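Note sheet for the following structure.
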Amino acid sequence: MIETTLERGVGLRIRPWLGIAAAASFVVASFMALIWAPADAVQGEVYRIIYVHVPSAWLAYLAFVVVFLASVGWLWSRRPLFDAIAVASAEIGVLFTGLALVAGSIWAKPTWGVWWTWEPRLVTTAVMFVMYVGYLLLRGLSTDFQRRATRAAILGVILVIDVPIVHLSVLWANSLHQLPTVLRAAGGPALDSSMLLTLMVSVAAFTLVYAYFMSARVAIELVRQERLWIRT
Amino acid sequence: MRTVQGDASLRDVTVIFDDRPIIRGLSLEITAGLTLIRGPNGAGKTTLLRVIAGMVPIAGGERRVDGETLYIGHRPMLLRGLTARENLSFYSRFRGLQDAAVADALRGWGLDGKMDRAVERLSAGERRRAAMARVEIERVPLLLLDEPFADLDEGGITRVRDCILSARDEGRTVVVATHGHPELDALAALRLLMNEGVARAA
Amino acid sequence: MNRIALVAARELRAERRQPDGIVAATTFIAVLVLLESLVVGPVIARDADVAAALFWIALAFATILTTMRSFDRELEDDALDALVALPGGRDALFGGKVLALTAMLLLVAAVGGILSLVLLDLPLALPIHLAIVVLFGVVALPPVVIVDVILALRLRARAALVPILALPVLVPQLVAATRGASAALVGDDVGALSWAGLLFAFAVVYAVLGLTIVPAAIE
Amino acid sequence: MRTVQGDASLRDVTVIFDDRPIIRGLSLEITAGLTLIRGPNGAGKTTLLRVIAGMVPIAGGERRVDGETLYIGHRPMLLRGLTARENLSFYSRFRGLQDAAVADALRGWGLDGKMDRAVERLSAGERRRAAMARVEIERVPLLLLDEPFADLDEGGITRVRDCILSARDEGRTVVVATHGHPELDALAALRLLMNEGVARAA
Amino acid sequence: MNRIALVAARELRAERRQPDGIVAATTFIAVLVLLESLVVGPVIARDADVAAALFWIALAFATILTTMRSFDRELEDDALDALVALPGGRDALFGGKVLALTAMLLLVAAVGGILSLVLLDLPLALPIHLAIVVLFGVVALPPVVIVDVILALRLRARAALVPILALPVLVPQLVAATRGASAALVGDDVGALSWAGLLFAFAVVYAVLGLTIVPAAIE
């Protein structure tokens, strides 16, 4: 398939550069997060987890929105590339959700005194995690390409509804969790400016990592598809 | 390649189950009349019929079918719990037809007195008869019959044969996959011999 | 539209002949309520929040059971294939199943709800509000579950996959339904109605989604 | 009435389903060799075979069967999810035999390369072949075969016929219900014609 | 004995291929625990009595689901007929299913139990005692349910009949298991052991009854 080969070629050319950029930005972000940014007035040093916790949560959102877009793409055009993007992004999204959960729990222990508690943001995040694990399970259990892609795409479209729910969940009912500090409807971010800058740099680093993972994972998937196509 | 415009055509169709190709790059034009599909067990006959009926996602190639199709498979495809009459009424009303013809057709297929019994309480042959009655009730232009003679007694076999031939004579397109019944060979407009997912005219 | 009605009628007729789904679901809820009051102790179970929560959990499982049963019946003897191969069959399937299952679940919910009220001796401040919450809460369940059952159709381990797929998606609805029902029980009319509205919105969104994208997944 | 002691005998057996008599006072002696059961759809052939196999509760009369039986019905009777090999190994080990013969037998029935696939992923004919392989593996004295030729291609039909005849030649008792295959008539020790639950020798 | 082992092995193998029953049961329990704590509120759910009661109710339903699933699989393509027609097949069926389902349910109970303990943050005074109670409680479930499934085999509405038949019979066992588990949680060792003994007696009685009278009911 000419199309597939083309896509793979482009991916191959960009990927090394992406890798380098991701690694470099990661070094910068680590430095800023661990050393440059000041300690928090209330929480002291623990708060630094925010530089892992928040970017991974946001990147998970991004990954699942990409799953949604790729799913629509597949349903629209049936181009295998979209399916490859969907799996890749879903897997990385699950990874980032997991990371946000773990980082959140680690942060919760010193601040709230428990690893886990029943609270809207935490529960909806856990639910999002389970949903996309279910998405990956559905893919794993389906045995042929066309059916798998279509079924997964439909699920990918439906599940994205949970992303705004997770984001807004803190506004429902009495939440322990931080209310939106950065992404607020009214006014600018309520955060110290050097902390904000550090956060933005970490988010940028996480985004580059996401892009790098994506290009690698999509390439693997395309090779797999191609092999399958050749065997027919 | 023939350029005759058929009721159904497949172009370079490939079907993959479990990463195994079951139909390989198959092209086919089916026109009015009788088409016979033959081939050993596991050749892909059932899969081909299901592809034409639009029930299998195809991994590559194109499928074009004009008009409605009726596919009757190895299994009777009747919903358990409902009676033969209810099943067939549903199908015919779904196609926008009256269901007045149902009882007569079932009677014609020898199910008098049995059409109001849940289908799982019929014998294998009776179930097949109920399924075959759909051919007369739904009257669609493209019939896809998979092993339609199975489980039937002498009389049933004759009836299926007559039913196929009269559908053909009415100008409908009939595709039949069967192992036996060599007498159909002479009557077929097209005979396909399938093997390992590849078909050639015979 | 007419085709959707035909599919729904067929489903209800099959269910009347072999009331697998509906009786199982009702028993399930009734027994849950009974056992609940028996083992949990009536004092806790009589709490409006707890009772509402258990009722909706039970109803969610009842929906999953009934829907899976309905599709299992279709898979026997390949009856589903015949339906899907009919012109317009794919499109009518989702709508018809939603209609039929909603009707069945409304019955189940009514029986289960009355049982809960009587057996647990619950206070009932706003009966009409409760009925509205239950109505919209029930209407919101089948579309989600049916989509998931269709996605898992014919897969190995589908019995496992469907709850995994459906329950997380249902969580917001179940929470809303629980809050709404307990609001109606304790007499908070604004709360009950606003939760009911949210449930209705859920139902509409999922039904529209289902009608537009699900036909592609049915084979 | 013959007084020959058979491998299986029924005396005045009646079977009732849904308050309807399906088998009516049927008496029968089956001895070594081939017994053919014929009759129109719904005559009660399947029910009779299941009575002999002891799978249907009888409302009246007596059933006596010496030795083990193997009944293979309209459906393949293989547990889904398991492979053909696993299914057949289970049956043979359950009868106290080694399962070493299973793979060879399946290969003999043309399932080489397919015997480790879950049975629901086989074609109809392949499933029938897997079921029929039981005849060679389990080697029981009384075989009850319901429409054993169904779904099979030319080669499969020949194989089933050979299998039936060699079982007969080994002195086993073989009861076959089938609609077609008139060539078996000449080879049968007993031919029963069933109709509406009553059988008479033909 | 050997035949019973063969039937059990076959069941476990089929289940491993299509882990319908076991995964569904585990999800069922896990989700129930999750939802429970979510909607009921952690304070009530964390109560040892309530947690134990819900766990056992969930396990009873899981047993019913898994057993029905197991027999439904046998009914497809008439595989059960082939088993019953084997010499000694009837006798081995009950024993084999009991063994296999008990093994599966022990796994489900272990996973579900650990989940409940962790997620609900329950106190655990006597872990060994709890394990013993769970062991005997689980062993006591399948014989009853399997007998009922066999009695309802091939009937219309069997999905409805089985819970109706099974649950009333199970009530004493479930109460005993709940009491035993909560005794173990709060540290009452004599209580836990005596309830475990009672559960063991139940298991033995039903297993013996099943082995002697069930073969007659199978066709």
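All chains are identified by letter, namely A, B, C, D and E, in their written order; residue positions are counted from 1 within each chain.
The rule is short, and it goes like this: a residue touches a chain if its C-beta (ideal position, glycine included) is under 8 Å from a C-beta of that chain, and two chains touch if they have at least 3 such contacts.
This is a predicted model, so every value here is computed, not measured.
With contact taken as defined at the outset, there is no chain that touches subunit D as well as subunit E. Chains that touch both subunit B and subunit D are absent from this assembly.
Chain closest to the overall centre, judged by the mean of its C-alpha atoms against the mean of all protein C-alpha atoms: C.
Ranking all chains by how far their C-alpha centres lie from the centre of subunit C, first place goes to D.
Contact analysis places C-E first among chain pairs (by count of C-beta pairs in contact).
Inter-chain spacing, taken between the CA centroids of subunit C and subunit D, is 45 Å.
Here the CA centre of subunit A is 49 Å from the CA centre of subunit B. Centroids built from CA atoms put subunit D at 59 Å from subunit A.
The mean-CA centres of subunit A and subunit C are about 32 angstrom from one another, to the nearest whole unit.
Shared interface positions of subunit E, defined as residues touching 2 or more other chains, are 17-18, 38, 41, 76, 156.
Residue positions 123, 147, 150 of subunit A each touch two or more of the other chains.
Touching two or more other chains at once are residues 81 of subunit D. Against subunit E, the residues of subunit C that register as touching in their complex are 17-24, 26-28, 31-32, 35-36, 38-41, 44, 47, 49-50, 52-54, 56-57, 61, 65, 69, 72, 76, 156-160, 163-164, 167, 171, 174-175, 178. For subunit D in complex with subunit B, the touching residues are 17-18, 39-42, 46, 74, 110, 114, 121-126, 128-129, 147, 150-157, 179-180. Per the touch definition, subunit C reaches subunit A in the complex via residues 147, 151-152, 155-157, 161, 164-165, 168-169, 171-172, 205-206, 209, 213-214, 216-217, 219.
Residues 53-57, 68-71, 73, 75-82, 86-87, 90-91, 93-95, 118-119 of subunit D touch subunit E in their complex. Of all the residues in subunit A, the ones that touch subunit B in their complex are 143-147, 150, 228-229, 231-232.
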